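Look at the two complexes coming up: subunit A is in both, with subunit B in one and subunit C in the other.
== the complex of A and B ==
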């Protein structure tokens, strides 16, 4: 009897075209995106061995807009409308950090009422973002009710922001020096009413989605990111907090009036997909308390915006300020050379850092876990590409 | 929001209607009538009331109501009527259409939406027709590397297999297209075709996502076939027959089997959800993972046929649930004995059959609503959990009820001369 190797050699000597099956032949390469329903404006190729993912290669950059370069050709005020484009449904937060950095560069003091309105707007916008994220998470797991409910309840906050800023999605509300305009009449009562209603709805979300045994089965112990790995990979926001690190910029480096607000940093210790999906939900609950506190403590009257020159400019220097956005720490590093236009703007976003954890978490998972791991990373492709 | 044309003129609308009617009349006169005559000359017409029908006589009967009834009565007792219309395909397709409408509105209410609203003015009642016309109008795209005969054959085979199940379902006493002694076995035999069709179609599509979807369909349907059959087995033990009409009759003489075999009913319900690929078991069509699963390369009416087939299958399995566990057409008599009091002509109306159809349809819709419910409240299950559920939990549960059924039979409670048999 000859061995398999000998047979192979024999066949080669006879001139037969026999090719040995390699390990690679078992694998099937799947392209997830950019036209795949579960990808967004993003592509990653995965290789599956049966039902298991053995390789993952993220390929971002489909929606690169050159926001950083565009910022160098506009002055500090003109930059606001285009800088919010990367995350249009979290537009107040992405311009918040920019405004803080510019204020530090130019040397402006924001009036206290302006600071409060800013914080209210950014908390409302965080809810809008998280609801949108939750809706997509629901439909990723095939739970269509969880797609419709947050999408519908998102209107509560969109209506509030529309009353406050005049625009439904892209508000351009935070500007260096404060906010664009004061609150409309009766805003406080309306805001409190809608937030209280939303708190009731959150209980229903928990009943239908988070306490659903099938959802628990699908997400618990899936894609576990340990505390050490989370620190090594440098993930941000809810992904970091889900791995057991209670780190929130609002608490760690309080900006504006956040040091006067009493709130807890929500975190979980398991670091699996369930924790990553549950922490934003806990954040939404906490955000409701923050909004109520802010509305109580807000000064009843006063300026909302500091007076500025038409083309504000400061001495040459740099500033780095960051805020807690819906996806984690969002920082702006602005270098000014003394002219009204920034010399360099660098946007550091949580999305990109969270995306780096994707290949680390996906390898070894089942194909069916791909959506739940991918979207639980709280990743927004457009923001990562900037 | 609905948009209406701004310069709508009533006169033009009426004018266009009159033109439409005129053209319809012309086409009927020039094409329709000759066609009907050609057909009638070649179809052997039955003798009714001792009168041999000529095509001319047949047409006069269609306009005279008193002479129409005998021919209708003759027609509804033919096999053709049973296969095509009443317990057969048209009835099933109608129920499927109503199911789609109910599903949309029901799910919309659950999700705080309104659902289809504009087509047909009243709650979007014509939305299905609009969607059907859209699908017919769309181009059918066949992938370039596809195995064309299989690709075209699979959707038709899918609908045909679904309709074959329907043919075995009795909707009222004696109203069944194929009254087979091993009816239940035949149903399972036909249901065994579906994974094969899904796999063949996904293979023929020559694409990765359909292939994965087809394999998933195969895994899922095989894993759930066995609990499915075992759960029906306890009903067979209780009734002592495989004939579906016999199963219903044995429930009429005792009580509904859901009281004796509740675990089997539960297993049957879960397995039929898996057979139908409905949420939470829609893995073969999991959108966020594998695009649209084995339906990825379908387009136009191929997709429409597969959807029609799956809804006809929904009806078939709901009807099977009703027959096995909910007593089929059994129910209190509510229809009037005479539809027109004092009428002594040819009787088409039969109040027992009308009762049976009413109760059967109501029960089927109840079960269908139960099958639609998980779509609103449940996420998709994962394949390893699914296989574990199918192979371990459901089979064990089904076996428990089989032993219960055996105990009931040998304990003399059910079966011939049992305590609970009336």
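== the complex of A and C ==
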């Protein structure tokens, strides 16, 4: 039998153009996104050696809009509508932290009823976001039902938010000093009815998706992020909680009325893709309880927002306030120089922080596991780009 | 949708700003100079720490936070400048040459185990750029709500700082963003390069104050 070397010699002698493959030839560079259906407006370059990913480099910025720079040109109130653009599906939460920071700078006290309505709106909005995320996760893994169900059930909360705020997706509902308007008639009953229905649906989600052996095989023990690494990488939100750290801003640093609400921080210890996808689901369940409590405890009457001067401004200073959004801690660092426009606005978002975990987790994985790892990071490209 | 929106919000806070902008807008083109002149006093204020903002809050710095600052001061003495101590928020300022050492101490001895964000702020009046590391803790429960702002300032014309990537891995992308948005070069950072901006970006770093949005 001729050896491989001999064969090459033979082929050379015969004048055949057969060349041996070099090490580099084995690596193939793939560009995931920015037009990939699952990636969002985000690209990352990976190199694969056969089936395995050996290199990953995120390349964000396709939807960078300069929100931070734009904020410096508008006053504190004008900033609200454009600041919610990074995550229109979670627009109440992203303006929540902004409102808290401006309130601290300007020195506004929010009426109690306003605080409750705010919290209700942000919990409803978190559900909207998580359902949207779950829908994409489902279709990304080839589970069409899990795309359609959450997309349909999302309408429950969108309808509630529409009744509350007047808009379906971009609400601009939180403003410094409270919320834009009061709850409509019969909101409480409707809200409780729809939330209870949704709780029943969650059971079905669990049966068809989370307990699906195929889904489990694709996610369990895939892309494990240990507790130590999670801390080192400074990840946020469900990614952090899936790695065994029960950290939730609502509990760690309760804002508004969250210290009056009884809830548990949902977390898991395995740190794999399954945990990262299951923690948001547990959060949705817990959020249903929170909404019911908020509706029960909400003062029946009263102001929903504090009186604001037309062009609010405060003394020079700075504030850093955080809320728990659908993607983890979301903070605003606002520096004011005493004028009605902020001097500098920094938006610190969970997505941007979780992006660091992407190359860390992907290298060493099989290419087929890329979708389950990538989207389990709860990464929202538009938010990361700002 | 939007008509519905407008119907429901003819109330003051929403209606007032649109009225105001017209005034601000007309003055805006002329103003840039004045705000710029008015702004720096704010950043400068932290230095005479007791001057402008603190008076209402400073009188009784919360005990826990003060304890943390005292611990840092015990180790580093006067090289640590306390900018403010408020409930759950501490801001300290250090010289660039000390920052790595201070950050290592904060991580190893104080339990601030990750950086949440890195912010740069341009102060053209002082000729400086302030870089702020927001540090938090996941491993110590009592620090969960604390955010420690570790700040340092660098010369605006030759903005260079040592990187903290060896202390806090989590600053990698944040520092890279600060590099491209404010032009602060982080010595020792493996990739001081383009991140969010377009590849063919050929202007000054956009978050510097002398960069103006077109038409504004």
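Just a few scattered comments:
Quick note on the criterion: the second predicted complex is superposed on the first by the 364 of 386 C-alpha atoms of A that agree within 3 Å, B and C clash if a C-alpha of one lies under 4 Å from a C-alpha of the other, contacts with A are read in each partner's own complex, and residues count from 1 in each chain.
As a working rule, a residue touches a chain if its C-beta (ideal position, glycine included) is under 8 Å from a C-beta of that chain, and two chains touch if they have at least 3 such contacts.
Source: prediction; values computed, not measured.
Once chain A of one complex is fitted onto chain A of the other, the partner contacts of A:364 are absent, as it touches neither subunit B nor subunit C.
Annotation for subunit A, partner touching more residues between subunit B and subunit C: C.
When the two complexes are overlaid on their common chain A, residue A:353 makes contact with subunit C while staying clear of subunit B.
Within the superposed three-chain model, A:302 lies out of touch with both subunit B and subunit C [touch as defined at top]. By the touch criterion defined above, A:142 lies against subunit B but remains apart from subunit C after alignment on the C-alpha atoms of chain A. By the touch criterion defined above, A:247 lies against subunit C but remains apart from subunit B after alignment on the C-alpha atoms of chain A. In the complex of the two chains, the subunit A residues touching subunit C come out as 60-61, 64, 66, 68-70, 73-75, 77-78, 166-168, 172, 175-177, 180-181, 230-234, 236, 240, 245, 247, 252-253, 305, 307-308, 310-311, 315-318, 320, 322, 329, 331, 333, 335-341, 343-344, 346, 348, 352-353, 355-356, 385-386. Here subunit A touches subunit B in the complex through residues 28, 30, 36-38, 51, 138-149, 152, 208-209, 212, 214-215, 217-218, 366-371, going by the rule given at the top.
Chain contact summary for the complex, subunit B toward subunit A: residues 107, 110-113, 208-209, 212, 279-280, 282-283, 286-291, 375-385.
Subunit C makes touch with subunit A in their complex at residues 1-2, 4-5, 7-9, 11-14, 16-21, 24, 35, 38-43, 45, 52-53, 88-89, 91, 113-117, 119, 121-122, 132, 134, 138-139, 144-145, 147, 149, 168-170, 172-174, 177, 181, 195-198, 206-207, 211, 213, 216.
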